[in-house]
Each structure stands twice: as structure tokens, then as C-alpha cells.
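The following pair of complexes shares a single chain, subunit A, combined with subunit B in the former and subunit C in the latter.
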Partner chain A sequence: MTAATAPVTTGVPRISAAQQRAERMARIRGIIFAVIGLAGFSFASGSMGSDVTFRFWIQEQGGAAWEIHTAAGLLWILAGVTTGVGGIYQLWKGASVSWRRWMALALPFWIAAIIGTLLAGKPAVMTNLFGGSLEYAFPIAMGAFAAMICERSGMLNIAIEGKFLLGACVASIAASVTGLVFVGPIAAILVGVGVGWLMAWMAIRHRVDQIIAGTVVNFGALGLTNFVYLRILQLNTDINTPPTVEAIKVPILSQIPVLGPVFFSGTPYLYIALITMVVLTYMLFKTRWGLRLRASGEYPNAAGTVGVDVIKIRYRAMMLAGAIAGFAGSYLSLHSAGSFQMNMSAGKGFIAMAAMIFGGWNPIGAFGAALVFGFSDATQTLLSSLGVDVPPQILTSVPYLVTIVVVAGLVGRVRGPAMAGIPYEQG
Partner chain B sequence: MSGLRKRLRPLLVPVLAVLSAFIVGSLFLMLSDLKHLAMIPTDPIGALTGAMGDVINAYRALLLGAFGDPAKFALAFQQGTPKAWTTALRPITETLVAATPLMFTGLAIAVSFRTSVFNIGGDGQFVLGALGASIVALAFRGMPAPITLVAALAGGIVFGALWGFVPGFLKARTGAHEVITTIMLNYVALQIVQLALRTDFLRQSTNSQPISKVLDFVRVPLLIPLPGLRLHWGFIAALVVAALISWFLFKTTKGFELRSAGQNLTAARYAGMSAGGSIILAMVVSGALAGLGGAFQVMGSVTQMSNDVNSGYGWTAIALALLGGTRPGGVVAAALLFGALNNGGHGMQVATSIPLDLLVFIQALVIMFVAAPDLVRKIYRLRPPKPEVVPAATEGASA
Partner chain C sequence: MRLELREITKQFPGVLANDRISISADRGKVLGLLGENGAGKTTLMNILSGLYRPDSGEILIDGQARTFTDPADAIKAGIGMVHQHFMLVPVFDVVASVALGAEPVKGILGSFDRASARKRVVELSTQYGLDVDPDARIEDLPVGVRQRVEILKALYRKSDILVLDEPSAVLTPGETEELFDIIRGLAAGGTTVIFITHKLNEVLEVADTITVLRRGRVAGTVLPAETTREELANLMVGRDVELTVSRAPAKPREVVLDLADLTVRDDRGGIAVRGINLQVHAGEIVAVAGVQGNGQTELVEAITGLRHVDSGTLTVGGEVVQNATPRHVADMGVAHIPEDRSRDGLIANMTVAENYILDTYHRSPYSSGVRLNRKAIAEEASKGVREFDIRTPSVETHVGALSGGNQQKVIVAREFSRPVKLVVAAQPTRGLDVGSIEYIHRRIIEQRDAGAAILIVSTELDEVLALGDRVAVMYAGQIVGILPSEQATKEAVGMLMGGVH
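So, the complex of A and B:
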């Protein structure tokens, strides 16, 4: 196409600057992958003798198990080969190669090789590792969905963290006072909607910068929940001992060997996250609501011109996001910890934003990113439970570093909604 | 008279914002007062007056904790002993100690806001500045104290500036949104600090907590030679830095470029200024200021590096920059106010056992009211102001 539009006199097809850049990046990427692959390969010789066991429970925790035995060296070879071949292929074919597929192929081998080497012969219980990843992933995925709905509508929402805290606090109190589990999440949703409305009202009605509005909510939620905890909950522990949400085994499906204990023996929260992912994907990309929402975030003036009420859409998006984030907050107090604790979200709201970006503002991608981040958490738990001395800080930093790399476009740029964070003036 | 009025007018909204925040705060204080809430069915008037009395007591304790007790000052004048003076001066000096890091981070954020860069990474830059100062101080241990101190302060500046440079560079070169990158870098900085505190070089081996060796050998000189008072030269340094930043922003070409980039990036570009350069410079200066604040904190107010050397100074700084209208003088005033709130909060917590965290909530409310001036004007039925230049911080900061 570029050849057709190029001036005829030059005779050679011209390449645009963007294409040139892409080719250059592809070359750099190819070289980096090839070198990393070689490095992985070089680890193999030293670890051929060390055994690795991956254990999956077939039905029950501690019951019959299915095990894979292999040598750490073999895993390193596989990691090195997949990465190296991917790099060479990229060098050969240039920018047209989908490097993400190669990464997706090579990454599991890398993780397996690293874990296998670190464990040094102890068995890795993969059922717990995968199940744990899903558990950790839930709040992150839901937070990412919430942030995504806002950004798709053109609102930058950095207050997921604050909504988690408020949701957790309110859910614990509501469920404790009434003694009914389901009241907790409902109360958390209501509070989330309220806070979402407040943010939208500040940002749209009073022109408060959206980042400032988010800061207000994060800061205020932290102060308020700490205050409530110290002033009320600490002295009256009976209103901070909620009935907890227990795991439910899905009939039939949980009986599937190996997969059942991982996917179908979790809490209702997990199933809700999966349903939300599917419904949200459909809503965003297949319905009129989704089209209008995305139009508000990409080109609000055009949307406004054809009669879409951008303001109303943004209000509703903020409230829906508040509901989702508040609900996810209830998970923290009603499941993970069994009560509300001060600052218990511990930065998960910001990791959720990271997952949204890493997942390319797309529900399925965000869920995948949340799983990756959850996996790094679960790995950390596994390693520390087996007494492997790896500084946890390195694994903890991974989601943050990955996000920086991704937003900077160093590895495969992702692009968010064009108008996220920019106020819309109704003409 | 009218001249004075004109001069006081810009103060109206901030003052009313603080007032409103305290009113809302007292509502929450009353709503969380279970003892008096339980009295409502039997004795509603007693419950109300009792709750209000508690609120007044709390705010009184806050004031005494922040500025000191006049009775103790009188006693100090009578007795004239160092001990009496220490007791009298302690609250007000502690307020200044609490304000010092806030002044640095507030100025840092104000510089970035002026350039329309949203530096949310004050926290990370602050802790890394503190870490850098600790590392340099320990490395220079044994050298003459003044040299070590200057080197350590420089270390804090460099570490902070580096942590500001990264998001600035990424924004200028790749367009990566600085809000996202600085938030992420905050967490990375925390992890770096924790990792560093595991090393034998930094860690105090006798302590089971991850805390560094005592840095008292490079302690920033104290301002008042009375035992028990922590006020150090870092406070004066903060005032000097504020004056320097004011001069830099409003009297130098580079400062003008930064402000131009903040007000209208496109226009600045057409005028031949380097937008990317301005963004990077603003972030480096911003990071350096926050890092210097961290250095003074770890060698002045506290003497050991630990995970909690920073208590949300980077986030509070956003409030300060807004409250002070992104002007250095305003930021200093706002930092003194918030220092008084934080320090007075301690007094309140001790005297009335009302959690200090109420002040965090009140500070959030202050940001909200300051950021929404038309809301404040509506509540108090003020006339709208004459059209003026919109401060950079509230305009297009996320572009």
C-alpha cells in the first residue's frame, strides 16, 4: 500500500517512519530473545542432575496425586530453545512475527525451570499453585475490570485501592451485624456505587481533575477505614467477625481429575469473576451500550454530536466500576482474612490498574494479566512455605516493572482509550 | 482597606476549605461516637451536647498538640529552666519537624504540576532519597562529619532525581503516562528499600526488625540547643529551597520554559522550546527535591533508615501543591498547616484516644474542597471570581 502511494519517480517502495521503527524494534527484540535463549540454554548443563517433581492432586488435597518427574536441565533446555528459536525467527521475518505468541510459549518453561531449580528436589504442588493464583487473581481482575470500564468511558480512575478498602470495611461490618454473609457484598456494592458517583460528581460537575478526585478517594478511604477500625472495630470485635465466604465445590465439574480441584473448588467469588469477564467482553464489544461507552472514551465529541449523552455514560460507568470494585473489596475481609484489617488492600488496587494496562484494556487480557500477577504471588507463598530463601521483594516487584515496560512500549506497546482522563465539555 | 481585602481574597477558598473539612470531620467523629449514639433514645439532647463536647475537646487537644500550651509557656517564662522551656517549645517545634518533609515533597509536586506533569511518585523519590543518603553516609563513615553530611545529602538528591528522571524520560520519549509509571515506581522503590535493608551493609544486626544502622554520626545540626527538641537545620534548608524554587520558576528562562510547557504544550513547542526537555527537567527537579526531603528526614528527624521513614508524604504533597496554588510560598504555608495537623493529631490521640487517622481523612477532604473551589463558593454563597489564568495543576495535567 505504501508502494502505491509513494512518488513514482523514486522507483523504490518507501517505508514509513513508523514501519521503520517497528522493524528496528523487531530486530532488537530478536537479538534480545536470542541472547536470553542462549543464557537459558547455558544453565542446563549444570542442572541436568537435579530432579524436579510437579504434583497435581487428582481429587482431594493430600489424596491421590499425578506427578511429572523431570530434570531441571531439561526444562532449561526447553526454555532456551523456545526463546532462542523465537528470537532467530523474529530476526529473520522482522516485525510481522507475533512475538507475544512466542513469549506465551516460552514463558511457562522459564517459570517451570526457575521454580524447579529453586525448589531443588522438593515437590511443587501445582494444584495449590494454580488454585492460589486464581485466588490472588480475583481482586486484581475485578479491580482491573472496574478501572477498564472507567477508562473506556473516558474517566481515569486511580481510586480502585480506596474502593477496595471501603468495600472490605463495610462488608465486614454489615455481615457481622446482620450475621448474613450475602449482606456484606451487597453493602460493599452500595458503598462502591456511592463513591463512584462522588468521584464522577467531583470530576464532571465540579471539574476536579480526575487524578485528584482519585487521590481524594484513596486518601480519604485509608484515613476513614483506619479511623473506624481503631475507634470502633478494635474495641468492639463482635462487629468485625463476619461469617466468611467458603469454597463451594461445583457438582460434577469439581470431580474432573486434576482440573476439578483447581478450577471448580473455589469460592463463589472466582466464578463471579469468570462470569464478569465473559459478560463484560460481550457488553463492551457486542452491545450498543459498549459501543457508546467506547465512543465516549475515544472520541467524545463525535459521540456527543450523534446524540450520545457522554456525561450520563461517564456517570454510569463510574458507578458500575464502583460496584465492581466495592464487591471485590468485600472479598478481602469476607474471605482472605476473615475480618477487616487496616490497609488490607496493600496496593492491590494499583496492581489492578497494572493488570488492566498489561491486558490491553480488554477483559480477557486483564484476567490473564491478573493470573500472571496472582501466579507470582502464589509462587512467593510456595517458595517461602518450603523455606527457599529468595528475597520476596524481587517477585513482588514483577507486576510493577512489567507495567512500566508495557506502558513505555518497550515491549509491544498497548494503547488505551484516547480521551481517558480528559474532561468532556457538553456543547 | 480594599487593598487588604484584595490581598486576602485568594486565601478565602483555602481557609473555607480547611474549615469545611473540619466540619465534615467532626460529623464523622460524632457518628462514630458509639457511647453517645447509644444515648440518643433515652437522652437525645445530652447525647448531642456530649458528642459535641467531645469534638471540641478533640480539636482543642489538636491545637494544644500543634502549637503548645500557653500555660506551659508562662511557666517557662517564670522558671526559665531548660526543662520547662523544652516542655513548652516541644509541640511547636515538633510541628515544624513534621512540616519539613512535607515542604520538600510539596515543592517537588508543585514544580511538576507547574509543568503539567503529574508526579505521583513523591513517595518513591522520598524513600529512595532517604536510602541514598543512608548508603552514602555509611560509605563515608569515618570522614569528617560535615563532608559526610554534604555527601549524604547529595546522595539523597541523586537517588531522588534518578527516580524522577525515569518516568520523565519515559514520558518524553515514549509517551508513557507518568501517573501510571510513578505509581508503579513507588512500589518498586519500597521493594528496593526492603531489599537493601536485608543487606549487612545497611542493616542493624542486633535488631530483628529491618532497620538500618544508626546514622547519628551525620546528624543534621539542631536549631535549638535544648535536649529533647528535634528541630534541625533541614527546616531552614526547606525555606531556602522554597525561595530558590520560586526564583527558578519565576525569574529564570528555564523556569519560564517549564511554566510555558505546563500552560500550553503546543504553544511552547511552536515557540521553539523543547517540550520533552521541560518534562524531563521538571521530573528531575521534582525527584531531587523529594529525595533531599528524604535525606533530611533520615538524618535529621529520625536517625535510622526503615520501611516507615515515609508516611505518605508523596501523596500528602499533592494536597499541599493544590492548597498552596502551586506557588512555593503557598506550599510552605500549606506544609506548615499540615505539619500542625499531623503533629496536633498525635496530641489529640494521646489526650482523647481519638485515632490520628481522622486527620488523614480531614486532609483528603481539604484536597477535595480546594480542588473544587466552585463547590466551596456555592456552599458559602460567595461571588464567583473574576476570570483569571487557570493554574497549571488543574488544567490538562493528564494530556
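So, the complex of A and C:
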């Protein structure tokens, strides 16, 4: 090389910025965990004497039970030790993700310790708590699946809430009028498909901003169902008293001690959610349909130039999502309530979107996230039924706090489909 | 297969993009399709790939007329496209990217049979010497390899006619040579190749016949052995052009721009500029060469105050300016011609006059207090329009309605309308016609001769060599070599661009 060549800078340590950031985050995490762990110990000293009972029904509600007796203090110590050790391990190891395993271990102890302390000696019926979590999780999980299918195809669907409401309203009327419970969900699915098509048509054909289209559907559905409720259903209560969906015990599986009453004695909704999760995971990641759907959401031009019909894929995704969200809406009125009430979705459609993000745009993750939300709902129900004096707002806010922490990146960056919400232009 | 296009015509509102274009390519031959931006190359290619339908004319494959209603038809007819902007899903692996749209499936659910797709990909890459890891993710691959994946995509669909659109735009000279070897190999194997480019040297090197397009028409068809660069340039532009702008030797004076150990991060927090040392003197042009994405964008943004400087110092005329505001930097006499004129240079929906004062609107005579002085703005803008030969109906025309060359002239006119100490020009002639390129190069040299320091960043090797009094090569965020113009040959710079030093 010539004399004019600039000296090439060498010896600069090639640590990427991402790595540096990970190291820094690891130190912060380690210190926070260690401090929280110590806090666990300090709680323990005051509650060594208080008893905690966790009760599992072996077969039937109120029948034979299996119980764990322990002291709240012990739970606090376990929570403190696992967290503290996890924190120190993190400090020692630097940037690594091993802390997730430690936290997964510590979290149940924390929850058990908190619940145990709050109950102050009353038995915690865990069968109901877990069963309740699954029940509450259902609409959230299904809503998350619906939103996920859309986003994976490149559409932004924030109208899950509206579809829940319409589904709930239509299902109640259809089931009441016919007297046949299964007609309700079918009607809800049809309405969901229709609304999904309408949104796709607005967004694709007329280039309506997808956030605005979704907002229109949400408010439209709220207004419409309120109107129907106040002007029609309240005056004719006979068309708002649908038969409810009954629990079905799965033969054999429901006989498994402890697990049977939790997982296999619910309503068909629960089983459908589990089946949907498995099938959707397979469809998204292992089939031609999934490959094309994901390509449409990540880089539609790549799909379009090899002859894949992106527009058709997006229409179908919106309609399928409408079907799933409408079906989930029918749960609200046909499951426990036994009638349609105004604004009975109460924001679950938006929590479903949080679950989708929390779960990393992946069905199993989203179901897990929905369970977190469901668990906090079920805990709230348990505590209030036992007359424990905790402001319910605190418990209901926990899932949102968790979501903020997750989305803010503590758990690692989650990345959604690149082109969600951006119209596709060919050529 | 033999491909023939007969009398293809395509009209867009206000533009006759293709006017009775006829081209033909024989089996196993390489047709070079040469033309400037706006000559109708892209439209023709979109017609061939089934994205547009021609208003009239026909496409014949082996003598048989074919009509394509969508891209799937064109693929079925054996036409494979390698687009300038790669059509690959970043988060997919190579196998999925290649198979997308033509996936082998099994079972009632339509499961993607990845194993058999992978087998095909491996077979094809060994058969044609396209070295690719089938399991790598696209976003982790260098651009040269991504292009091989694009070619594999076409081969996977058993394309007999391969169309490459500006394939060398993102490659280093070394990678371009490899690409030419691949093209020759494919042609020898019986594939018909259509090679679309605006680079004269490339068609001369690789094509068997050359068809030149100009303003939507065929300007001529020639054989590489019987033509010269000058003749091709003449066909492309329609008049004699000077291929290199003549310039007097530089007379460098004091240092204006001084970068010392400058380190800058990219949007994702990774280090993009890695401790750069560079000085630009008054009265000289330093041209920074390098393949896109080696830190040039971040370097320019740091100098112009648009990006945070992590460490090191940056001085202009002796004053420390790292992390100063863009306005402060501009007020010091730094002219900035940004890389992406439609995103960073102009506001398409504002008028020529408004764009002309974007960086000086707050000063007299353009404004007094909160009020803009429309008259002064219109007068000054008209002056700029005359001086820089901007072709616009009036200064009240929206800038988005002008051609690319005229848009770029608006930017240059604006930046040179105030006293200039330093010019930072990124890709100053990207996408422009030869006439505009010549004009803008001349204006930049004029600024140099008037005593300004000039820093040009370009991925076009020809531009770097034509303008640079010194050529600095950037690779992986570092300056890997600085060559004086007499030593800056294509080979020497090309080696450095590929990281060989």
C-alpha cells in the first residue's frame, strides 16, 4: 500500500453495542433480584407462625381433597432464596439468560407466599384457582390468536374488542330464539367473518388507515350492542336468556386425580382453545399456508413477485380472525353469564392484543400470556370470595405492569411482523 | 428458450413509458439492456414479469405469443426475475425463501416439505456453483450471497429466461466479477439472460448483444465487439457526452473538516463508524468509496449534526461541532446533499420556492418576525432556478412533480445559495440521467475551485474516481485506505472495498 494509506485502527475490542447493553442490563437485573430476594427474608421473620393451606380437589368439588400445609414464612424464605441466588448467579455470570430459569422457579413461591399471607389461615382452593385461570384466559387467548393471524399476514386488527361484543350479542339472541345452544357460536362466527371481511375491504380496497378502521368497528360495535340491549333485549328478555354451554367431562382424562378437575372438566370452549393453540402453531410454522401468511406480513413484495396472492391471503386472514374472535365473543354471553350485558367484553379484546405481544406473536406464548392474565383474574375472584381486604384494582393492575415490563424489553426484544398495518402495493 | 418482445407499448398518465419496444434474446445468450433511469427499463421488466400488462404489443417465447395476467403466469412461462431490491423475507431461512410460492407439500394440511425443498436447493447450488448455506437466515447473509439466493429462486422454478435488474448496484467490484462468472455459466448451460443496467462497462463485459433504450424507445442494438463506450453513451443520452468531467489539479489549503477517532452508532445501537481519522482540506475533494452499509450513511449524518457522536472529535474550520444541532452546522457554512433526496432532501408536497428556503427561512430577507416574506422568497428562488437551470413551470410548482434530476438541482441550488465552507454530498447523482450527473459534478468542482472543502460519499466507483482528488475507502466502519487520485485505480479501490488490504 502507499504512503498515503491511513493507519488501520486495530486492537479496538470488537464488543458489539448489543453485547455491552446486555452486560449492563445483566448487572442491573442481578442487583435488583438480589435486593428483592433480601426483601423476601424480611417478610419471612414476621410470618413464620402463620399457617397456609393449599387445597386440591382430587375428583369432585367438595369431595376428597389433597392439601399442602406450610407456614407463610417458609414460602417467603423460599421466594427470597431463589430470587437472591438467581440475582447473585446473574452478577457472577454476566450477560446470560439463565436468570429466566431462576425466575421461573422463584415466581410460584412469590405468588404462593403473597396469596398465603393475604388469606391468613383460610384454605386456598387451588383447583378453583387454576380452573378459573383457564376459564378467564379463554377469550384472551382466542383474541390473541385472532390478532396474531392478522398481524402475521400484514394486517393490523385492533377490533378484537368489537368482535367480542358483536359475537356475544348475536350469540345470545341466536341461542335464545332457537333454544339451541350451538346455534349461538355459529351465529357469532358468521358475524365475525362478516366484520373481518368489512375491515379488510376498508383497509385493502379503500386504503382506510387500519387503526382507524379498527377504532370505527370497536366504537360501532359498542354503540350498536348498547342500542340493541337497551331498546330490544331489555324489553324482550326472552330473547336474551340463552341456554348456557355446559361443562363436559372428558372420559377417562377427567378421572386423573388433581389434574382432571382442572383441565378436563371444563366447557368445550376450553378444549377448543387448547386445540386451536396446537393447530395454529402447526399451521403457522409448518405448512405452506403459514409460510405464505408470514411472508405476506414480513415482506409482501417478496411473496407477490413469486406469484403469491397477497391480497387474497390478507382477506382470508381477516375473515379467519373474525371467526375466531366472534366465537370467543359467544363465550361471554353463553358461558357463565347466561345473557348479554352492555359492554360485557370490558376491554378483554385489548388485553388479548397485549397477550399477543407478550407471547411474541406465537400461539403457545400467547396462550401462556393469557394464562398470566387469567390467573390474576382468578386470584382476584378467590380473594374477594373469601372476603380478603385487598383493593381489587391492585390485583387487576398486575398483568398490565407485567406487560409493560415485557414490552419495555426486560425479557428480551420481541419483534413482530415487519409490515403489519402497511398496505401492499404491487409493482 | 428464445424470448422476443414485439412492439411493446405502455402508457402511464402523462408518460409514454414504453413506445413500441422490440427486443429479442436467443437461447444461451446474454442480452444487455442499457438505459438511463426513466428510459423505460423497469416498466419493460414489470411487463415481462406479469406485474403490468402492455397496452399493445406481444411477448413471444420460442415463437409463441403469451399473455401474463399476474406474476405466476410469467413464472410458469419460465421467466425468472432477480429484482434490484431483493425480494427475500429477512427472517426466513434460505430454503423457505427459495421455495416460497412453489413449496413442495405433503399431507392434508398442506405441510411444507422442507426436507425435499432443502434437497433441491443443495442440488442446484452445487450444480451451478452458487455457494449458499441453505439453513442460514437471509438477514444474516451479505448482499452478494443474497443475490445468489435470488438466482437460486429462479433456478428452483426451472426458469429458462433469467432477468437481472441492476444486479451490480449493491455489489463490490469483486462480487460483480463473481456474478459475471455465474451469468456466463448459466448462459453456457442454455439459460437466456437479460441483464438490465445503466453501467456501460458491464454490458460491454458480459453481454452478447446490447440493446439501448432511450426515453421509452429502442435507440439501437449493437454488438459489444463492434461498439465503444462513447457510442453507447451517445445512444443512451442522444447526444455526445463527456464521460468524465475535466478538472484542474486540486490546490489544497488549510484543513476544514477534521475527524479524529470518530465513533458513531447506527439506529440499532451497533457501532457503524469505528474510530475514523480523516482530514478534508479547502480546495480539495475527498471521495469516500465503499459498498452501501459500511458506515457511510452514519458518517455523513454525524458530520451534519443529524446523528449523535459517541466519541472522538469532529471540527469544522477549527470549531468543535460534534453533537451540534443541524442548524448550527448549516450556519457554519456546511452544505449537505443528502443520500435520499425524497426522504431527507425535499418535501415533495411543498413548492420549489418553499424547498429552496428550507434551511434559511428563519433569516432575513425570507422572514421578519413570525411572518414569511413571500415576495423575497419567490425572487430568490427564481434566481436559483435560473442559475441552476432547473426545469420547472414555476417556483410555485410542487417539487414532487419535477424529474429526479431537477429535484436534485433544487437541493444543490439551495445548499449552494449560502456561503459554503464545506460540502458534504452523499450519493449526489443517484438515479440521475447522464446530463444531470455531468451538471452536478461540474457544480461541485466549481465549489472546490472557489475554495470549499468537499466530502463526497458514493457507492458508484465511476463517480468516486471521476471526482476524488483523494479517495478514501470505507469498509466495516473504518477507513481502510486513502489513495491519491493518480493511484486510485478501479482495481486498487475495488480490492479495498471488499475488505482486502
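Here is the rule we go by: the second predicted complex is superposed on the first by the 412 of 427 C-alpha atoms of A that agree within 3 Å, B and C clash if a C-alpha of one lies under 4 Å from a C-alpha of the other, contacts with A are read in each partner's own complex, and residues count from 1 in each chain.
The rule is simple: contacts are C-beta pairs under 8 Å (C-beta built on N, C-alpha and C of every residue); 3 or more make two chains touch, one makes a residue touch a chain.
Keep in mind the model is a prediction, meaning the values are calculated, not measured.
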Partner chain(s) touched by A:Leu291 [first = subunit B, second = subunit C, both, neither]: second
Greater residue coverage of subunit A in the superposed arrangement, subunit B or subunit C: B
Subunit B versus subunit C as contact partner of A:Ser397, first or second or both or neither: first
Touched partner set for A:Ala303, first subunit B, second subunit C, both or neither: second
First (subunit B), second (subunit C), both or neither touched by A:Arg101: neither
Touched partner set for A:Leu230, first subunit B, second subunit C, both or neither: first
Of all residues in subunit A, those that touch subunit C in their complex: 1-2, 4-9, 12, 16-18, 21, 282-283, 286-292, 294-295, 298-299, 301-309, 418, 426-427
Residues of subunit A that touch subunit B when the two form their complex: 156, 158, 202, 206-213, 215-220, 222-224, 226-228, 230-232, 236, 347, 350, 353-354, 357, 391, 393-394, 396-397, 400-401, 403-404, 407-410, 413, 416, 420-422
Contacting residues of subunit B [partner subunit A, same complex]: 28, 32, 34, 118, 120, 170, 174-177, 179-181, 183-185, 187-188, 191-192, 194-195, 198, 312, 315-316, 318-319, 322, 354-355, 357-365, 367-368, 371-372, 374-375, 393-394, 396-399
Touching residues (chain side subunit C, partner subunit A) in the complex: 46, 49, 51-52, 70-73, 75, 81, 83, 85, 87-92, 96-97, 99-103, 105, 109-112, 153, 157, 265, 268-271, 274-275, 277-278, 470, 472, 478-484, 487, 501
